[in-house]
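The structure under discussion appears below in the form of structure tokens.
Chain nomenclature is as follows: A, B, C, D, E and F, assigned in order of appearance, with residue numbering initiated at 1 for each chain independently.
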Amino acid sequence: MRHLGKLAGLGGAVGVIALTLSAPALAEEAAELTATSSESAYILNSLLFLISGMVVMFMAAGFCMLESGLVRSRNAATICLKNIALYSIAGLMYWLVGYNLMYGGNTPYFGSFTFWTHSDVDISGGYTSGSDWYFQMVFCATAASIVSGTLAERIKLWPFLIFVAYLTGIIYPIQGSWEWGGGWLDAEWAFSDFAGSTLVHSTGGWAALVGAIVLGARTGKYGPNGEVNVMPGSSLPLATLGTFILWLGWFGFNGGSQLALGTAGDADAVSRIFINTNVAAAAGVVSAMLLTQILYRKVDLTMALNGAIAGLVSITAEPLTPAIPEAILIGAVGGLLVVIFVPLLDKMRIDDVVGAISAHLVAGIWGTMIVPFTNGDASYVGQAVGVAAVGVFVSVASLIGWLLLKFTIGIRVTPEQELEGLDKTELGLEAYPEFSR
Amino acid sequence: MKLVSAVIKPFKLDEVRGALQSLGIQGLTVTEVKGYGRQKGHTEFYRGNEYAVTFLPKAKIEVVVDEDRVNTVISAIQERANTGQIGDGKIFVCPIDEVVRIRTGETGRDAL
Amino acid sequence: MRHLGKLAGLGGAVGVIALTLSAPALAEEAAELTATSSESAYILNSLLFLISGMVVMFMAAGFCMLESGLVRSRNAATICLKNIALYSIAGLMYWLVGYNLMYGGNTPYFGSFTFWTHSDVDISGGYTSGSDWYFQMVFCATAASIVSGTLAERIKLWPFLIFVAYLTGIIYPIQGSWEWGGGWLDAEWAFSDFAGSTLVHSTGGWAALVGAIVLGARTGKYGPNGEVNVMPGSSLPLATLGTFILWLGWFGFNGGSQLALGTAGDADAVSRIFINTNVAAAAGVVSAMLLTQILYRKVDLTMALNGAIAGLVSITAEPLTPAIPEAILIGAVGGLLVVIFVPLLDKMRIDDVVGAISAHLVAGIWGTMIVPFTNGDASYVGQAVGVAAVGVFVSVASLIGWLLLKFTIGIRVTPEQELEGLDKTELGLEAYPEFSR
Amino acid sequence: MRHLGKLAGLGGAVGVIALTLSAPALAEEAAELTATSSESAYILNSLLFLISGMVVMFMAAGFCMLESGLVRSRNAATICLKNIALYSIAGLMYWLVGYNLMYGGNTPYFGSFTFWTHSDVDISGGYTSGSDWYFQMVFCATAASIVSGTLAERIKLWPFLIFVAYLTGIIYPIQGSWEWGGGWLDAEWAFSDFAGSTLVHSTGGWAALVGAIVLGARTGKYGPNGEVNVMPGSSLPLATLGTFILWLGWFGFNGGSQLALGTAGDADAVSRIFINTNVAAAAGVVSAMLLTQILYRKVDLTMALNGAIAGLVSITAEPLTPAIPEAILIGAVGGLLVVIFVPLLDKMRIDDVVGAISAHLVAGIWGTMIVPFTNGDASYVGQAVGVAAVGVFVSVASLIGWLLLKFTIGIRVTPEQELEGLDKTELGLEAYPEFSR
Amino acid sequence: MKLVSAVIKPFKLDEVRGALQSLGIQGLTVTEVKGYGRQKGHTEFYRGNEYAVTFLPKAKIEVVVDEDRVNTVISAIQERANTGQIGDGKIFVCPIDEVVRIRTGETGRDAL
Amino acid sequence: MKLVSAVIKPFKLDEVRGALQSLGIQGLTVTEVKGYGRQKGHTEFYRGNEYAVTFLPKAKIEVVVDEDRVNTVISAIQERANTGQIGDGKIFVCPIDEVVRIRTGETGRDAL
């Protein structure tokens, strides 16, 4: 039997409880002994942040594999470099200015322009300051990861990285302060975004969208008569691996956003979040598969992968309150959205190499707007205000950034460099020197 | 001497090689190529966009033989590579002035 | 020094104990304070499930990489799709019907046909209901992963996925209810299968074996005169990565099956399980390497990988009671079995693309039968009854499923499609469009 | 708001503390209730080891991917086999003799030649003996992983594995006993190496360096007139994945080396370690990128990857005491060192296929020597003694091992085998049979 | 009949194929090759070591045509593959004695 | 003009290219091919099954030269590609009617 306690085993939870409760001298006055001590809660809360942060950090590898699998081999090394560099830069910028700008709490609109330092141990704070910083940092890096995929195969390395520094040091923290930092969106609109469908994923998505428009499509992607030329990804197994890594990381992304593991209630909440996260992703895969089968008579693996991500993004705004069938529904719609929006963006000649705009921005909006369906504390108006406010701010701020870069150092390689591939022209090497053509 | 080149469907390669071997052909060289021809690649969808597959994978067999064996070799290839379906490929014959075996320096017939 | 407590450090376990014990007023009556509170145990038990569940979930990626590395490139995208789809379907089916059919406990032979819902927080239950569900779900998905590898390169996509739904919703839960659900195998035979050598791995293996027989071998695999044609895997580095991921996941698979972390005894048990799991896998690698060196004068990497898995499967039925040398022995035999059975199955013209039948079914039987050697609570007869009962049930149920599919919608692609590869014919794309031939 | 407690939520750390403290009857005498019980600390300490050990174990996959991406495709399967075999052998040897030789504590110079066994549960010990063993074992395996990369593409399989057994069973434990085992380096010199810049990384690096010298460079690597022939790695995406996995694992490597999570202070220390580890790696990436851009006008992805590792190795000797900017500095210097030393070693005709000597040995020395800068308990002299002692011992012991192997069974394949690739000649298969040339 | 072989820059392939198609060429075969020529590969740095890229990726198009179309085909290729930059490639013409269509056994002109 | 094609062992490629270069050959084209010949691939085991490696990797060098240089080129290749071991490969010479440099339209000798 594998379930109802291990009374005869080497010891186990149920056994211990029995033992504790049956200790006669302590039975009544030690009732409180059954609760977690505040120091244990402090440790467990911090541990939740650290473990969750680790798997969210690993999402950087997931994005890297997804993107290097979906670009052509001639650009695969460059996208790898961008991914490891952006994760590095995000981590440094978020220390230098990002965290305190987001959580420094001076004004309802932004925090303070100071670098972050550890606080002393204070058990009443609930967790170590460092575990919190670490967890917040990996979220910031995620927003940047989203941008790299969309703009792949044509953007110059250094301008892209400068934008990443701006995004992770300034844009992301400012809009984050409005809600998670306790600013105006939180105070005035009761905007609700549990783990960041809007604050992380749409933010990345808006920055990517504006970047894609300013940068333009890859040379040859769109023909003069509206043709869309297909540029298949170089390694779908790597793209699949990347998606699995993202899925794994999302348990930390959403589960860790409960922010606490110090009570039974928190443990229960984290468990619910894990399950909703998983079924939403599963539903996104299945719905994307079914829709591509219906539309094209074949199942498109890359759409199934995007469907998983869209399902995950959809549930991220509220992974706790939905009942399981509700989470399935929310994720499934995410999967459908991605199948519809990927070709739609192509029709609009917005060239998104990996489908990040559809999976992160569109599904992020959907996930945020559907929160009131399962969470009575949120309102549709409040959600719409949040989506719009973040959308406008991030778009405008990104536009300024992209245009400044475009008209100073330039953001785009030449068409010849594009044809030869960024690996050779930007890095002087090849991702697969023995195989690629 | 002649060079017989045949562009065939890749999965026929082993069969054709076997047939040539049993004719006593001692060597041949194979290249992976892409073919464009009457056999049209289908159109496919990738991420919601239709596209035409114009080039199809083929194998090119090159075998240099004495004049007098050219016809046997052609028949053997034609028989084995034939599936009756469009896209089975072509055989081309072109003249060869000289052959050298690198190891020994032998030339002509002896080099084969 | 890195070992014996950090008395002078920033604090540490030993220091705290000293402090606690020296607090005079509490020294005697608070003796119980040294024990974990029931709420902490509840949290820690749930945490064990959640963390273990995460790494077991990641095993889906491991199977995906292993299989996509061992198939030919023309079928690599299809196997990726199958893997992400089966994990998705397993997660949905196990909610819809699987869990309650396994643990619903109505009869000794199966549970109830209802979908699962969370229970309220109940500290005396030992862990959150959701953490348990999540942990059980990823086990169910593992059973399905085993099947996809064996049947790769020739099975149609949708019939395969329908079988997965049947396997994860019906077959797996019913046989699981007999033992882990507290049914007849548990009650009458004291059958012992700690983490599922039989219940998970052999179940997947039987379903795969019957599927392989019904489906037939890949076109061209076996020549008319008994020749076995070799069809080498397309990317051994990916196969190796997959094996490492599986190995990692197995710590959660076996360690989490202790089901509790709320007492010192549990922590000790989980530690023992980790170690036995690791040495068994290591021994499987080494024994497979040595045997291939002896038999073929060369070491076959793919056999070493299968050896690791076989070692892991072998120890899964009882990872707690063996002493380390016993665990090494158990794993080593698993590694040998795989080297013997892979070619044997080929002789029998049973075409198992990735060696899953040898590594999961054969080693699973071995692991289950050897339990009484180290665990006095199990008997050889009881183990044999369990192995046989599960074998017969899963085989018959699978056979019915496969035959129904075969004679209705069909399960096999045409030989032409096989030659062209399932990626092009089933999905309309290529795993490696720029490289593959 | 996502930060300051969730007072209105499903429960949370702060809420619980309030609740506990407000229980009137217990308010004063139960003040101690706010501390973690000794059993909980025991569990949490063990859990830290187990979780950290898992991600460090996964570093074996990281090394495998890094190395298989940086070798040519003709040797990729062989390096995969070496990696899974060396992890297996290390795990077995460390049980058979390594652990007790390191921590058996008989003499200041080495422990005892006995195999390791579990101890009974003893809460005052601070953690389960098994969790400690597991954690120490994965460190030992890491040292061996470092060697395989340097010597790739030319060393014979079995002699390499024999050396691994010697390294992990004898060399590593003996030098480890001097410091972590509480031997003379610890007692007399107050040598400080928190997580093993010297004890693990330099040890691996010295063994690799001596091996590279004895073995000689790859055929054709160095021309007669001092030319260095470039042999580009076969798959930079896999190399990048490997680096990300190593980065992930390093949180366990350094974080787990706190050795305890049972107090608030430990939780804080682990959090600090995570952050310092991350920023050091990030700084290593950025500094390596900038220096290659300056020196070569292009950014070399492989150097950025090595930069990450060098940053990580640099901070490993002391990941706790540095303030964040100090950690950034330490990591950045590591990144620079690798960019300087990789071509320098080539000038010296020491052929290190993956840059392991620069990233692990050079950066390991740097990291160890800089400890006193942030940690007042260490002295520059003590550090130098440690670095030198370990360097001399490991080099001499390795030299003996390599020479013995060289003059008995031989360590090097023939030039013809090298040209054809070790995959075909040593294993009889190909890593990428359908692609490689 | 003649075999026209052209070694061109890979990204010109689709344009050249289109041009030949509009001339009514029904089939051709493409091979990925590496070229060494006047167009020197640049020197690069890899892990701090300079190295010369000697071989550059090229595509080889082979098309067998009737004698009377050789010149049109050459002009079409030359026009489309031309970027005016060194390394644009070469066209070679060599004699073909015989052509066979595998599927039907047709020979000569009919086989094209 | 003539086309000299040589099928050689891949690891000899750089040496042969160097030799041709020092003869003043300005360009050549290389293809990766698989060869079947007297040099038999060994039998291997994969997952416990024996199999024969029938095709071995080779490199095909193609160089078009003036008639009067054919012999020098052949000797250079033969000298450098020779290891004395079976499987060293063959050299074939075939006639070329015309050569065009795509960039300039030059033909004949000037196009080389």
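Just so it is clear, a contact is a pair of C-beta atoms (placed from the backbone, for glycine too) under 8 Å apart; a residue touches a chain by one contact, two chains touch by 3 or more.
Just so you know, these numbers come straight off a predicted model, no measurement behind them.
Peer 1: Just to be sure I understand the contacts, which chains border both subunit D and subunit C?
Peer 2: Looking at subunit D and subunit C together, the chains touching each of them are A, F.
Peer 1: Indicate whether more than half of the residue numbers at the subunit B-subunit E interface occur in both copies; give same if so and different if not.
Peer 2: Under half shared, hence different.
Peer 1: Have a look at D-E versus B-C and report the one with more C-beta pairs in contact.
Peer 2: D-E
Peer 1: So the centre of each chain is just the mean of its C-alpha atoms; given that, what is the distance between subunit C and subunit F in Å?
Peer 2: From the centre of subunit C to the centre of subunit F is 52 Å.
Peer 1: Could you give the separation in Å between the centres of subunit A and subunit D, each centre being the mean of its C-alpha atoms?
Peer 2: 29
Peer 1: Find the geometric centre of each of subunit D and subunit F from their Cα atoms only, then give the gap between the two centres in Å, rounded to an integer.
Peer 2: Once rounded, the distance between the two centres reads 47 Å.
Peer 1: Which positions in subunit E are in touch with at least two other chains?
Peer 2: Expected reply: 31-32, 44-46, 94-95.
Peer 1: Quick one: which residues in subunit C touch 2 or more of the other chains?
Peer 2: Within subunit C, the residues that touch at least two other chains are 33, 35-37, 40, 47, 51, 232, 235, 241, 262-266, 268, 296, 298, 300, 302, 428-429, 432, 435, 437.
Peer 1: By the document's touch rule, what are all the touching chain pairs in this structure?
Peer 2: Listed by label, chains in contact pair as A-B, A-C, A-D, A-E, B-C, B-E, B-F, C-D, C-F, D-E, D-F, E-F.
Peer 1: Taking the complex as given, what residues does subunit D use to touch subunit E?
Peer 2: Subunit D residues touching subunit E: 228-230, 232, 292, 295-296, 298, 300, 302-303, 339, 342-343, 346, 355.
Peer 1: For the complex, which residues does subunit A have touching subunit D?
Peer 2: Its residues touching subunit D are 29, 32-33, 35-47, 49-51, 53-54, 57-58, 60-61, 64-65, 68-69, 76-78, 80-81, 83-85, 87-89, 91-92, 95, 103, 115-118, 121, 123-124, 126-134, 137, 157, 179-182, 186, 235, 238, 241, 257, 259-260, 262-266, 268-269, 320, 426-435.
Peer 1: What does subunit B use to touch subunit E in their complex?
Peer 2: Residue list for subunit B touching subunit E: 2, 6-8, 31-38, 54-55, 58, 60, 70, 74, 77-78, 81-95.
Peer 1: Give every residue of subunit E touching subunit B within the complex, in rising order.
Peer 2: 3, 17, 26-31, 64, 94-103, 105, 111-112
Peer 1: Give the list of subunit B residues in touch with subunit C in this complex.
Peer 2: For subunit B paired with subunit C, touching residues are 10-11, 32, 44-46, 57.
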